[in-house]
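Two complexes follow with chain A in common, the first pairing it with chain B and the second with chain C.
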Partner chain A sequence: MFRISVAVCGRGISKMFASSFSGENALPSNLRIPSNLVDRARAKRPPPPSDSSLPVLRRCDAAVPVHLSPVQTWVETLERRDSKLLGLVDLHPDVFAVPTRIDILHEVELWQRNFKRISHAHTKVRSEVSGGGRKPWRQKGSGKARHGSIRSPIWRGGGVSHGPRGPTSFYYMLPMKVRVQGLKIALSSKLAQDYLHVVDTLNIPTPDPQYLMDLIRYRHWGESVLIVDAGEELPENILQATESLKTVNVIPAIGLNVHSMLKHEVLVLTLEAVKFLENKLLWHDERFTPLYPFKLPYTDLP
Partner chain B sequence: MSLLRGLLKYYSSCQLKSIGTECSPANEIKMCVTGVCCPVHMNKRSMFGVYDNIGILGNWEVQHQIMGFRGNELQRLTRKKRMKRIRFLYRHFKRFGKHR
Partner chain C sequence: MSLPFIHRSAMLCRRFRASLNLYDHTTRIPNTTIRLRVSCSVGEANIGILQSTEEYKFVERLIPPSRVPIPPKHDGPSPSGWTPPSELPPALPYMIRRSRMHNVPVYTDLTHGSRKTTLVRKVEGDIWALEKDVNEVTMTLRVKGHFDTELKEWLVEKGF
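And now, the complex of A and B:
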């Protein structure tokens, strides 16, 4: 009996140590990526040909630091469903290749959720509930418990002693440079994970939403797309096409924010939007601290 | 535009309610859209957070119109000058209870 149990235990122990000895299944179970996590459609997307001689359509306007080099991406077009590459674009490394700090992304995301929040929960205290000024019955002799008012917190219908009091605001502001860094980190991580696409213009041939969905599905971009253009005036076709779609949204570049970038899987920028964002986000690296808030007029702000 | 109209309706209804009650919740603290005219009203959940960085990306021309006061009840009451409630709370917490 003892010999049988030792043999059984020995087999189990040897199985436990077998995986660490063999070189084939080297990864332990908690480090192996589950197979349903990888998006097979994106993995099947053919990479652009490496030997194509497409021109660089845009170089970086601002000076790139000497020890860094610009990151490059393809420029596509939305005019046809099949992906035709127009060229390359240089992206500034201090905006699109910033070291990823997930804690800053988390801070900025929480800030965006909470700084606008006003909780209107409000309960009445015993002095605010109507009624209850008179002593309900005499102090002694009635045989009942002694009470001073019918609206005390121990009574049904009485006030709440320690409830939420009035509209509370959760307003706070993160430092400006932290918010700017959050934007840069979000853009860099989208580029690094292959979820960023640059497009020359937003002109599409039809205002049909089905055309956009077909295009996205054909090019295996992802589930939800955020399209960013530089100016306030967006082309009518794309506005009409995205109006009825929930997962595809167009915003001007002024409205870019970390929450929207995390909410949508794919980010599509136009060339003007790239220029606008680089201009705005790089200025904060080399500015002076403000003597008075930036909302008041300065003569030399760009 | 429809969102602005909705907000104005809510604000006016709060004004009517506040005549009866002594503490008017929504009068001081009001939350408005930044006022930029763009198609943000389409889908509130997917467009949450758009224009939060309008100061940084837009030259600080448009400001957030949020009443930015955050404090505990004593600080909020002091701001509103609700002296009767302040006096009551002071006497309650200084004289009764465990933490005197």
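And now, the complex of A and C:
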């Protein structure tokens, strides 16, 4: 429901508001959207129809619930610059078509930013500032205000009374299932907004970064691309090509996180990465609560 | 009088033996274990360590599974009262999934000491067809009062 509405809004919105410029249905200025906001070239790729002739290269490994059907998307190749579609791929609806909860995405993004944060701001209290043990002048008779030490907070050069105290940690952990749900929602929203591309392998012909930039611009993918592969060993060419590029990055699938997905506009997954992610993310829907931490061995961890 | 005397003498014997280290404190090692052959003499080279992996199965069968098993097939309610979901989902605009332990997701809540509500979770599809006061974002439905048994029976009857 959300996917269809988002797709409809994205495609039809420029058509809806185009007439406002001619003055027929004059909208208030804060609702008027400029015509170059929606990239028309990106709107040319419709989702795969059910009667497409291309073969389905991968079906879902896990059981799909009876009342849902797998989502389908195209499989492309990076070998050539022009966009030749190799086939279709089935994506599990419980990973790639979950209802979009932006509040969970927000929570996970904030957690990712803050749980590693250690603030080293530290100020000295009046007892830590050097000096100030002696009463500066006598209590009565000098004509001056009464003071007990030269380092009290009202003095210049004195200690700070309520300042930051030492390294403070902002560590907290969100429940595992919330973090997993955040990943699923991020993947689903990327697919729904047409920013997800599936690729068969990451083999490119040249280690030239310009080739990748040409490919991205030709296919109208977007500004920044996050490429995800399943294993740790990535092909040499793609590593060299993306090393110097700032907006195109390659990561293994274990490194996938909500912040990176939100930071990069486009997400490119390989078929193995799709299989790995589905396996790992769907396990959380059917697992027991941990008897002991999952780092220790169980019989059937994913 | 004799009983406490025997008791005291047994305790004294135990303490005497413990002080002389007559008890065998080493654990009883069965014959089929990792055999270690370490040479005692200084000049010889170490013969080596033999490792056998046949005993690993005794530990492996103790490691628990991490996934909830699929319940066995029942026609109708099982002896405990649990009813499996129907094979085909009912033809309604909404769908209520089972929890990970294959139960109906209806829960009671007690807030403020006396406020009873019933929560129906995991509702998918058009939940406005179910009830008016519904939370579409979180896919839940809250009803005032404790109706969990009735709701569970009604949902099971429907075939969810």
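Keep in mind that, in the parts below, the second predicted complex is superposed on the first by the 252 of 302 C-alpha atoms of A that agree within 3 Å, B and C clash if a C-alpha of one lies under 4 Å from a C-alpha of the other, contacts with A are read in each partner's own complex, and residues count from 1 in each chain.
As a convention for this text, a residue touches a chain if its C-beta (ideal position, glycine included) is under 8 Å from a C-beta of that chain, and two chains touch if they have at least 3 such contacts.
Since the model is a prediction, treat every value here as computed from it, not as a measurement.
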{"item": "Joint occupancy of chain A by chain B and chain C, clash or fit", "value": "fit"}
{"item": "Partner contacting more residues of chain A (chain B vs chain C)", "value": "B"}
{"item": "Partner chain(s) touched by A:Leu301 [first = chain B, second = chain C, both, neither]", "value": "both"}
{"item": "First, second, both or neither for A:Arg32, with chain B first and chain C second", "value": "neither"}
{"item": "Contacts of A:Arg287 with chain B and chain C, given as first, second, both or neither", "value": "second"}
{"item": "First, second, both or neither for A:Gly255, with chain B first and chain C second", "value": "first"}
{"item": "First (chain B), second (chain C), both or neither touched by A:Thr247", "value": "first"}
{"item": "Touching partner for A:Arg146 - first (chain B), second (chain C), both, neither", "value": "neither"}
{"item": "Overlay on shared chain A, then closest C-alpha pair between chain B and chain C (Å)", "value": "12"}
{"item": "Contacts on chain A seen with chain B and repeated with chain C across the two complexes", "value": "294, 301"}
{"item": "Parts of chain C lying in touch with chain A, wherever the complex brings them together", "value": "60, 63-68, 87-89, 95, 97, 100, 124-125, 137-139"}
{"item": "For the chain A and chain B complex, residues of the former touching the latter", "value": "112-113, 115-116, 118, 120, 122, 127-128, 165-173, 176, 179-180, 183, 224, 232, 234, 239, 243, 246-247, 249-260, 263-264, 276-277, 280, 284, 293-295, 301"}
{"item": "Complex contact set, residues of chain B against chain A", "value": "22-23, 25-26, 29, 31, 36, 38-40, 42-43, 46-60, 63-64, 66-70, 73, 76, 88"}
{"item": "Interfacial residue positions of chain A with respect to chain C in the complex", "value": "65-67, 99, 101, 103, 283, 285-288, 290-291, 294, 297-301"}
